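Labels for the chains are A, B, C and D, by order of writing; each one numbers its residues from 1.
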Amino acid sequence: MSSEQILKNTNADILDEFNASIMFDKELYTQDIKGSIAHSQMLCEQGILTKEEQLEIENGLFQVKNEIETDQFKFSLEYEDIHMAIENRLTQIIGEPGKKLHTARSRNDQVATDFRLYVQEKTLKIKDQLKELVSTFVEISNKHTTTLIPGMTHLQHAQPLNFGYHLLAYANMFKRDFQRFESSYERNNYCPLGSAALAGTPHDINRGSTSEKLGFTAPTSHAMDTVSDRDFALEILFNISTSMMHVSRIAEELVTWSSYEFQFIRISDEYATTSSIMPQKKNPDVPELLRGKTGRVYGNLISLFTVMKALPLAYNKDTQEDKEGVFDSVKTIEISLKILNEVIKTMIVNNDKMESACKVGHLSATDLADFLVKKKNMPFRTAYYITKDVVEKANSLDKDISELSISEIRESNDEIKDIDEELLMYLDLRNSMNARTSFGGTSTIQTENQLKDFENWLKNN
Amino acid sequence: MSSEQILKNTNADILDEFNASIMFDKELYTQDIKGSIAHSQMLCEQGILTKEEQLEIENGLFQVKNEIETDQFKFSLEYEDIHMAIENRLTQIIGEPGKKLHTARSRNDQVATDFRLYVQEKTLKIKDQLKELVSTFVEISNKHTTTLIPGMTHLQHAQPLNFGYHLLAYANMFKRDFQRFESSYERNNYCPLGSAALAGTPHDINRGSTSEKLGFTAPTSHAMDTVSDRDFALEILFNISTSMMHVSRIAEELVTWSSYEFQFIRISDEYATTSSIMPQKKNPDVPELLRGKTGRVYGNLISLFTVMKALPLAYNKDTQEDKEGVFDSVKTIEISLKILNEVIKTMIVNNDKMESACKVGHLSATDLADFLVKKKNMPFRTAYYITKDVVEKANSLDKDISELSISEIRESNDEIKDIDEELLMYLDLRNSMNARTSFGGTSTIQTENQLKDFENWLKNN
Amino acid sequence: MSSEQILKNTNADILDEFNASIMFDKELYTQDIKGSIAHSQMLCEQGILTKEEQLEIENGLFQVKNEIETDQFKFSLEYEDIHMAIENRLTQIIGEPGKKLHTARSRNDQVATDFRLYVQEKTLKIKDQLKELVSTFVEISNKHTTTLIPGMTHLQHAQPLNFGYHLLAYANMFKRDFQRFESSYERNNYCPLGSAALAGTPHDINRGSTSEKLGFTAPTSHAMDTVSDRDFALEILFNISTSMMHVSRIAEELVTWSSYEFQFIRISDEYATTSSIMPQKKNPDVPELLRGKTGRVYGNLISLFTVMKALPLAYNKDTQEDKEGVFDSVKTIEISLKILNEVIKTMIVNNDKMESACKVGHLSATDLADFLVKKKNMPFRTAYYITKDVVEKANSLDKDISELSISEIRESNDEIKDIDEELLMYLDLRNSMNARTSFGGTSTIQTENQLKDFENWLKNN
Amino acid sequence: MSSEQILKNTNADILDEFNASIMFDKELYTQDIKGSIAHSQMLCEQGILTKEEQLEIENGLFQVKNEIETDQFKFSLEYEDIHMAIENRLTQIIGEPGKKLHTARSRNDQVATDFRLYVQEKTLKIKDQLKELVSTFVEISNKHTTTLIPGMTHLQHAQPLNFGYHLLAYANMFKRDFQRFESSYERNNYCPLGSAALAGTPHDINRGSTSEKLGFTAPTSHAMDTVSDRDFALEILFNISTSMMHVSRIAEELVTWSSYEFQFIRISDEYATTSSIMPQKKNPDVPELLRGKTGRVYGNLISLFTVMKALPLAYNKDTQEDKEGVFDSVKTIEISLKILNEVIKTMIVNNDKMESACKVGHLSATDLADFLVKKKNMPFRTAYYITKDVVEKANSLDKDISELSISEIRESNDEIKDIDEELLMYLDLRNSMNARTSFGGTSTIQTENQLKDFENWLKNN
């Protein structure tokens, strides 16, 4: 073989490697076979395939599926993508009828169908996982509706909460995520099959039939739009990004809470790891990795947006770049939600530490101001400045305001020199938490109402 | 004044400039005043404000609004944000009652309410614009259901379409955008007001009342989640990004179509510009700028995602960075949709050029293959290879296959040496376009059906 | 005026607003005037302008500059961009010679020159700021080379450091940033002027002369590349993003350190803010905002990358979208570095709290392992497991290992039942810190060496 | 086995899958072994290992390397990462000395070293590829220094260029890319090894020695900074993004140029593909895919920026997410540059089509204006308006201005009614191209100079 010949081959190999998508789109083999079976059944209904041909195709496709699942199928770059690879193998097995399968369809609508089926199936799966995660937050929350924790803004103690309430904030986020996936599922549940290359087909096909067989609501309504549309893929990437952003927030809190300084929780030994040179350490690797994985899903979103920018109609090869990012984001969220669920379930909550932390930072300062407004009918801004004086008094005594005596309070500012002793009750931290009874507030009663709503939601979704 | 004093002041100025949001969040003044009025009315209903106090507040706020709208209001860095600026001015005008307005709320829920009101109002406006744009595409499409244009994949001629059909692809995209905005509007139409700092309030407020007054579906259900939640802002940024991505695609086509080489359309003189040194040029600046503006909206999306990553609960100052990007994206899409609408309406379509272009590239090649499949019952793959031979024959004669005589066709491959003359009808370009009668296909009849569906949709939305 | 006329005008206004860049590119007025003066001088040198014409132009341009700087210049959308606005005003002032200024240049190379001048000037300014910031870190670090702080990995105590050393990590980051800006400055210091529209010019110009007058190294070497090249803008956006990422890291630490739980530092009152309803709070708003501003600079980077993707040569209007993001990123980093510098300079360091924190978490565990390796010649992995036993012993006694007696240590594991008392010295926290004398290590001596290197670097850069 | 037990194991498996990096960081096995050998040699030089121990380690590591390269090595999730996997296997092979290898290092500096070695090696490789690509552009350019092509701005014909000159624009871009990689290589060529966990080590190591053995310039100067620093990874991601952006621009042009409408070039059959249902089509899949791949590299950049945002010092597990994106971007650019190089080398240039396209669009209009300025001493703006009249005249005659007779020109505007016939020479398209002799201009002479400069650069780099 001449050296020029070799060079040629080498280039061809590189080209195959560059062009081919089979090494990642084989992920879609079930969807491809499912789609082909539905297509062949419809072709048969329409008299385009005979009953015998259809049966041969269907059995042949089952055999291919079986070969793939038992590792007997050779994924070769030669057949560029999973669709060609399956069709080729089918034709090897059943001969002529295999060649008829591609009637009235094109790779463009076939790819769009397979990919959409994948996105829709995964959307349902992620919804289930989100629901399970909400359920876990509800479960753990239920145990902590009276456990005090310093509610923070700016990582500074602000007002006392119960820990169950804090966790429910995340239940709300993941519930919203669930709703977003639900909404994108419905908006995108339309079947591309039969759009053909870009303009539909002259064959007398029944798109409604394939759509129904594949579980879609209806066929898409414009062939050219359909083969160029990747909105459904952008939507799942966005939904995953938003959800992983929420994961990153609880992850950040878990890391902070498990520091020596906070010690609000401990990650269970199963989910904490050790150092290769510091045997004394328990590292919150798992929450950190959850937090870090936000990066890749953001990246996948921006990747597809970049690909789609300024693409003329209709199908262009650029679009082949749509899948890997979606596969990666889907896998990332699947494992992340699973792992987060376990971490939350198994974390050890240090009630004492949380409660004692509440005594630092004058958490009931707002209650003092509110008391002055409600009971003394002061304008809020005036009450605010008096509160400031009480806080300073407390600081000078090295106490929390919840620990001040009534006389100490009365000394701090002239306008409250006769303030009722009843005030002390309002400064009590647990009372402070329970005072926030407005809808959506932190009081134990409100938290319990919210828990009931969640339980109903879990039952009905 | 000592030089140290001066330094101090300089720093303080820079700090104000750094911290303050008033220079951009003044955009929210109507929402802030609207929210404050609703809040004061509710406080009055609940007996927290007297009727007189409430009226003074309401009138005072109207005065502030008027001052802003007549440029008499001084936006000063001193009052950090629009909320403080308005409250301060109110108190200057009406005195004590002004100080009571902040009862039972915090800047955290106030900001969240104002911003959400803005996003919701803009969402409705963008929906209107999208509908108008769809209507324009439908209108222009209606005039071109029989105008041939070469349908392209890979920027290569593929199959003949009608130009109306091509435009409807975009109508479909912008309709999906409309639906996404509709969906995010509903999902986020909940009222933050009354969430207070992070935990609700001990005041006996009625969040349902403020929610209703402000046009929300209901109050949000968890205070801490509410003050940290920016999902609604991410959603509008994503929806805008997707919509601008669609804009960039039609923009790319407009640029290509108006090149000397294509000449499919001409941008109306009003929307084309000239060169500073080349007087002969008409540049499609407007579509180019539309295409370029995709960049900024993608950037704004990734900005907010970055801000939200790993933020602990509840409110952190980082979140102040949520607004400018949303304002910018909203303005970008508003003007872009408006401009695109005009460009489409006023473009000059060169029917002749489009139709003559159809005669290049053997656009009816698929019809030949389909004919062999349907009439001769050949497997698709066999028909495909015969078609290839006919194409080669045509190339050797420097003709399009639609221009071949029946004998020329018969000579190209032995298997079709007796093929019926009827075939010629199938190779005719207009017939080819009209043959694609499958649901969603390009035939004039299908296109007209789709136009009817759009007209119904426009009527009902 | 007919209503159609009005519509027309309205559209035209919107179009002007859409197309025009003057409202943001007026930022470039000094660069534009500087560039025009250099251009006119060169034209004069080459005999294309007379000495008189050149003088009129130069004086006219100074007048325009003065008008802009004294707010007498009307920035009108009518003149689309700052370049046209200045040229028009110049021609109003000096008449005919003004019209000759545009000889041998085009808006394409003019814009490219102005923008590059801006980027280069700002690069130098940012470099200065980075140097000042490094200098601040060095200054504060100098005061804390013996202050113990628990060095953390995974937000868990790992090994004792001195606080000066910790701060120097940031000095290293900002020094690298400085070097990146230095490198991009040099790589991009080439003059676009004279590239004209895309192909150069037939006029007998001297590009070397304008390049030199404007402080560039040399003229760019290819006109078409030059007018389409925005690599220099991407580079500054990337450099700013990386630098702001570093800012976000120290910001995160400042927030964590100033929590009640850590109390390692306190943000000075000047740079901390208070809550609108919680008078007791000191919020680290400034570091939080620094952290949040990372979002916008990342967004600006991705925006320009999106704009440039798949742009054909040469100039396209999309490129007009290159400037706002750069202006915004530049302003962001300028104020951020200034503010961070002040925050670091004025923060109150709580030495006691840091040092006492070192006694939690067995920070000298690695020293125990290292002692066994060095003195007892154990394999590291064996020493690791013995250390683990000692840690467990300490935990059982509720002590830090640095507080164990020699007999308590000897009891923890059989292999060290005779270990020398000398070991205790190694477990001492300050000794532990000082033991790390390897190059780049934390020992006070090493830290002082590093400080010396920084002082030299500061002197020489 | 009870079902609970199974659940436990399943979780553990998932956790391993989640935490472990071995499935992707095995990519670093050569770097890890190289680093370990250098480390062991240095430990031996310092008397920490005996000569015998060091030899056993080195031979053991070579055996491990051989096992990996002959597929005998079992990559198991159990050993989490490639570093642990290799160390474990080493210890299985050689026993005790294997356990000593980890003396005076930590996984933190080990990972940082391996990853940096990878980035540096790949940087050199990419530089080579960029140089080869520049060389290809120079080679093809050399053949086309007199081939006319319409130079475009806004995808509109602007001025005539030679095609060699157009290609050299890309040579300039890829040369800049080369310089960026060169610069980042030098800036980051520092050795992390010996930084240990975060603070250096008490062992008497010689970091200069390992640094030298591994080909670094010097050891890094701050341990804590080093283990948290990923600037070098961001830099390669940015450099790749910028370079792929350039690839996307030539790719866009190749797609446009190979459309039926342009026909400026044809992609060689080897690099064009066919349709699954349209046998007549030659699709520019390869350039399209090159263009699409820009998305993933942008995404990888934003991913790592997201990961690094607000990470506290020192090492956090989030950083494990740094590698996959870099591996993917490196592979993407490696194959993309290789493929692009071939596509450019093998494309068929249609000189005739390009040249005839120059006769459309009045490409010499600027020459007319320049002639009036230079020869008639008109102000540029006046000449501009006269040119406009000539263009209109030509349009009315359906000619290009290069085809007008002198009398037709004279008729178009009174001010040039006596213009010299010499003008016609200036309107000739080839003359027009050759007139642009300014430095960096398109004239053949200038292009040849630029080619010479490139040849020198290629020789010296």
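The rule is simple: a residue touches a chain if its C-beta (ideal position, glycine included) is under 8 Å from a C-beta of that chain, and two chains touch if they have at least 3 such contacts.
No experiment lies behind these values; they were computed from the predicted model shown.
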Seminar exercise, completed: Check: chain pair from A-B, B-C or B-D whose contacts match over half of those in C-D is A-B
Exercise. Is the number of contacting C-beta pairs greater for A-D or for A-C?
Worked result: A-D
Exercise. Measuring from the mean C-alpha position of subunit A to the mean C-alpha position of subunit B, what distance in angstrom results?
Worked result: 24
Problem set entry | Whole-Å separation of chain centres (CA-atom averages), subunit A against subunit C | 33
Seminar exercise, completed: Contacts with two or more other chains occur in subunit D at residues 102, 153-155, 158-159, 196-197, 256, 275, 277-278, 283-285, 288, 291, 294, 298, 302, 305-306, 309-310, 316-317, 366, 380
Exercise. Looking at which chains touch, is this a line, ring, star, complete or other?
Worked result: complete
For this session: Sort out for me which residues of subunit C touch subunit A in the complex.
Result: 150, 153-159, 255-256, 258-262, 275, 277-285, 288, 302, 305-306, 309-310, 357, 360-362, 365-366, 369, 380, 384-385, 387-388, 391, 401
Exercise. Tell me, which parts of subunit B touch subunit A in their complex?
Worked result: 91, 96-97, 99-104, 108, 151-155, 158-161, 165-166, 168-170, 172-173, 176, 179-180, 183, 187, 194-203, 205, 207-208, 219-229, 231, 234-235, 238, 241-242, 245, 248-249, 251-253, 256, 291, 294, 298, 302, 305-306, 308-317, 366-367, 370, 373-374, 379-382, 433, 435-443, 446, 450, 453
Problem set entry | Of all residues in subunit C, those that touch subunit B in their complex | 11-12, 14-15, 17-19, 84, 102, 106-107, 196-197, 270-271, 273, 275-278, 283-286, 288-289, 291-296, 298-307, 316-321, 324-325, 335-336, 338-339, 342
